[in-house]
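Chains here go by letter, A, B, C and D, matching the order in which they are written, and residues are numbered from 1 within each.
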């Protein structure tokens, strides 16, 4: 059960006025808010034991290293990865995806195929386009239908022994669609293809078990997971990670350096060259602890309630059209009202103290699919309330009147 | 013929009668609706200034020693602000356009719309207005 | 002038006991400490305006974007770059170097030469080894002499029209040597070679003017510059940055994405794919402001005083040998005592509450040059004192006695 | 013949007489100096466990049904701790080595030296000690 009063008190940022109105933060899919306990964890790092990690003999360095590696273990356990070193810390989901895409440069051959869904975020499109350019591999687009749902049959028929990689978002950031990753994994694996799952919009909202689902690669961002900015994770099965080639060199990631020959360190270090975002990683671990203290199941059912309520209330607005009608959706509603431009509505909502996102949400192909200039995207978190939804609906109606 | 700063002053005074942002926005939306349409032949990609939130089309022509700007947008608030900008900059001498600033927009309480990070195309539009002015001044010289 | 009492009060972390002794932090070259004002700036971001930047129409997003871009301007002005967008935010110096090295993959040809000094940090070696592997370019090592000084004549004689890149650290992290970058720049430029300067150990200690020195590329890390972890900068001349090819794709960095064709955004965005370390960048900007409020000239002359004092006092210890005898040195002293192993001395100093670094300092080639297992490295910052140096010297003498 | 945990208890008691870390460290340093030298032929890269702070060489031989470990390090504190570890683990049956833990090191106040992040080679050495034990147990079975 969610104790909303208590939870909102954990997020001091929510308690402020924008333009004279109480802030209503519905831009959680872009960046989630950070609880006090995570902010304190970061401050306490700088106040108490800020120090470079690994290899340091002194007390502060040992303490920082321990905290950093504990965060890795926290995240390993949270996602049930089999080894801590299968969790690589990166600067964000985008960075994680790029590490994988670069890593396949020498593995893919001309004519190999990468299947990617039509509903991907730019961060999960461009790296694969670049990989195709480097290798001569072919990017194939698995289409969606009008409801914003992946057409699984078509996807299946596109798979062949040429398919080396399948790239899919767990949850669409533009529509909220939850993709059937179990089916996608089993189809792909039956063709010996590896699956890269973009969990940026999934990890904040429900529990994921890497081993149970037999996941190959999974990426996420801390700043969407109630943690600090500048941190992300890349999960990969040990064997797969060890096959990737390396394109970033530096301290930490080497075993031995001479000008003649450099040998690399083991996982996870070889993918973490240079001084990492130590405070960020420690904060990320604390954010996961915080999430678990609330319970992802509680979060999920509360957010579902918000979603259903909001969908019902929004549907009452004349000419409002929701994009993305999947049965399985999470915490995101994308819509337009008549021919009104999303920018206009967003700008007016802002004046009402309501933060939503407008535009193409870095998922231009899907916006192009619907032949619209963009949408208004409302995205929820477990600190949002039905009252906030009521105020938004009311404000939308007023905004619509102003604009017509 | 009014100078750019006279027009800016005029607009500030017009806005002074509004007591809150709703009235200001309603007025801007009105302006947006009544903006003189840009000639269809300029509403193509060549004349497009693309912000990733809203699109802006801009054309400029030299008539005598003055520049006539016409513009359009797909978003109505953007269009309203375009109307204000054209009222200030259009039908002025290139040199005056180059020297002018847009601080009056802050006074109108519309500053955020001109932020380069808002990506509605307006801040690029102002850059483009100035570029035209520079180009035409060279032509006139 | 440095008001040491006031300055130390700015760094709460210094006021603690380790193993019953006052902490003496002499590991500044690994990571510098963070003043309260920077910690507060980061907390205030999460407490007040945490939000994804660029493209957001709402108030928080605008405020975060402004703060982020102001940090860029702060750093531009601090280093006198000609344009804000010549400052690219990265996750650290290592990342910055890798962006450049990856960017040259298509520019370099087989047989082209890269000259690199013998005193580089691994982060400034491995990326160039990888680049050579990708392109067939040849890595040439500019040697140092027994004093740890680059042999400029030799360097000059190695330059030719084959030399495309010259890679040099501004200050050696292992020895403290300040390299004559003016001469290196002018020699290199006369051969049309571009110079990549690793400023990780220089930027914290003295003022650098990118335009006055005609610098091509310069990199640094926030966490060594009194700022947060997980942030760095890459400076490049506009024209040069625009020549680099891109290997990381994502949101932010694109102008338009379709599955047919993706066009990239302009500088700096095309090098900043994905959500950046927003809080970190804002904190980095504040750290630069803080540094400037003290004044880099004040910092530099105070640190020089510490260095000279420490050198004099250390020299009194029997069998103590300092590595790195350059005339121009900054804030770093590397040494060994007789045949004692650096690990042993470091472990005992730690017990005395003194944090130093021991080992190869991620600069193995230079340690190999001296044929030693490593050194003890003491590195100063402007919050250190002569009293701390006295305690360290005393503790070293006691440690030596224990170990003999 | 003493068991591993008896030896560990013995060492804990020895350390109990020390009133501060200086005495503990002086003792460890003494132990380091008096560590039986490893046979020179094992002081080569094949037997090297490299931490990036100090080096550790380790060899193991099965004598009867017990493992005899010999080891060395280039750092004296590391060597002293090696002496303690060998006293505990050497000359024991593989199964007992596999089952044993190293918590007693915490009690001695030397925990930090066994941290895998300290990179002095000791935590890898313990792993290696156990690996040998596993290998030799298979041989015995």
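Side notes on the structure shown:
Convention: a residue touches a chain if its C-beta (ideal position, glycine included) is under 8 Å from a C-beta of that chain, and two chains touch if they have at least 3 such contacts.
Computed from a predicted structure; not experimentally measured.
Between the chain pairs B-C and C-D, more C-beta pairs are in contact across C-D.
Rounded to whole angstrom units, the spacing between the C-alpha centres of chain A and chain D is 45.
Computed from the mean C-alpha positions, the centre of chain A lies at a distance of 38 Å from the centre of chain B. Counting partners per residue, chain A has 19, 55, 57, 59, 343, 346-347, 358-359 as the residues that reach two or more other chains.
Multi-chain contact residues, meaning those touching two or more other chains, occur in chain D at positions 52-53, 119-120.
If the chains shown are joined wherever they touch, the resulting network has some other arrangement, not a path, ring, star or complete graph. Chain pairs that touch one another, listed by label: A-B, A-C, A-D, B-C, C-D.
Of all residues in chain A, those touching chain B in their complex are 19, 340-344, 346-348, 351, 358-360, 373-374, 402-403. On the chain D side of its complex with chain A, the touching residues are 50, 52-53, 112, 115, 117-120.
Residue ranges of chain A in contact with chain C, taken from their complex: 12-13, 16, 18-19, 23, 25, 27, 30-31, 33-34, 38-39, 42-43, 46-52, 55-61, 91-95, 97-98, 101-102, 121-123, 125-127, 129-130, 139, 141, 221, 223, 228-231, 246-254, 256-259, 262, 273-280, 343, 346-347, 349-350, 353-359, 362, 364-365, 368. Those residues of chain A that touch chain D in the shared complex are 53-55, 57, 59, 62, 65-66, 69, 255.
Remark: chain D residues 21-22, 25-26, 29, 52-55, 74-78, 113, 119-120 touch chain C in the complex.
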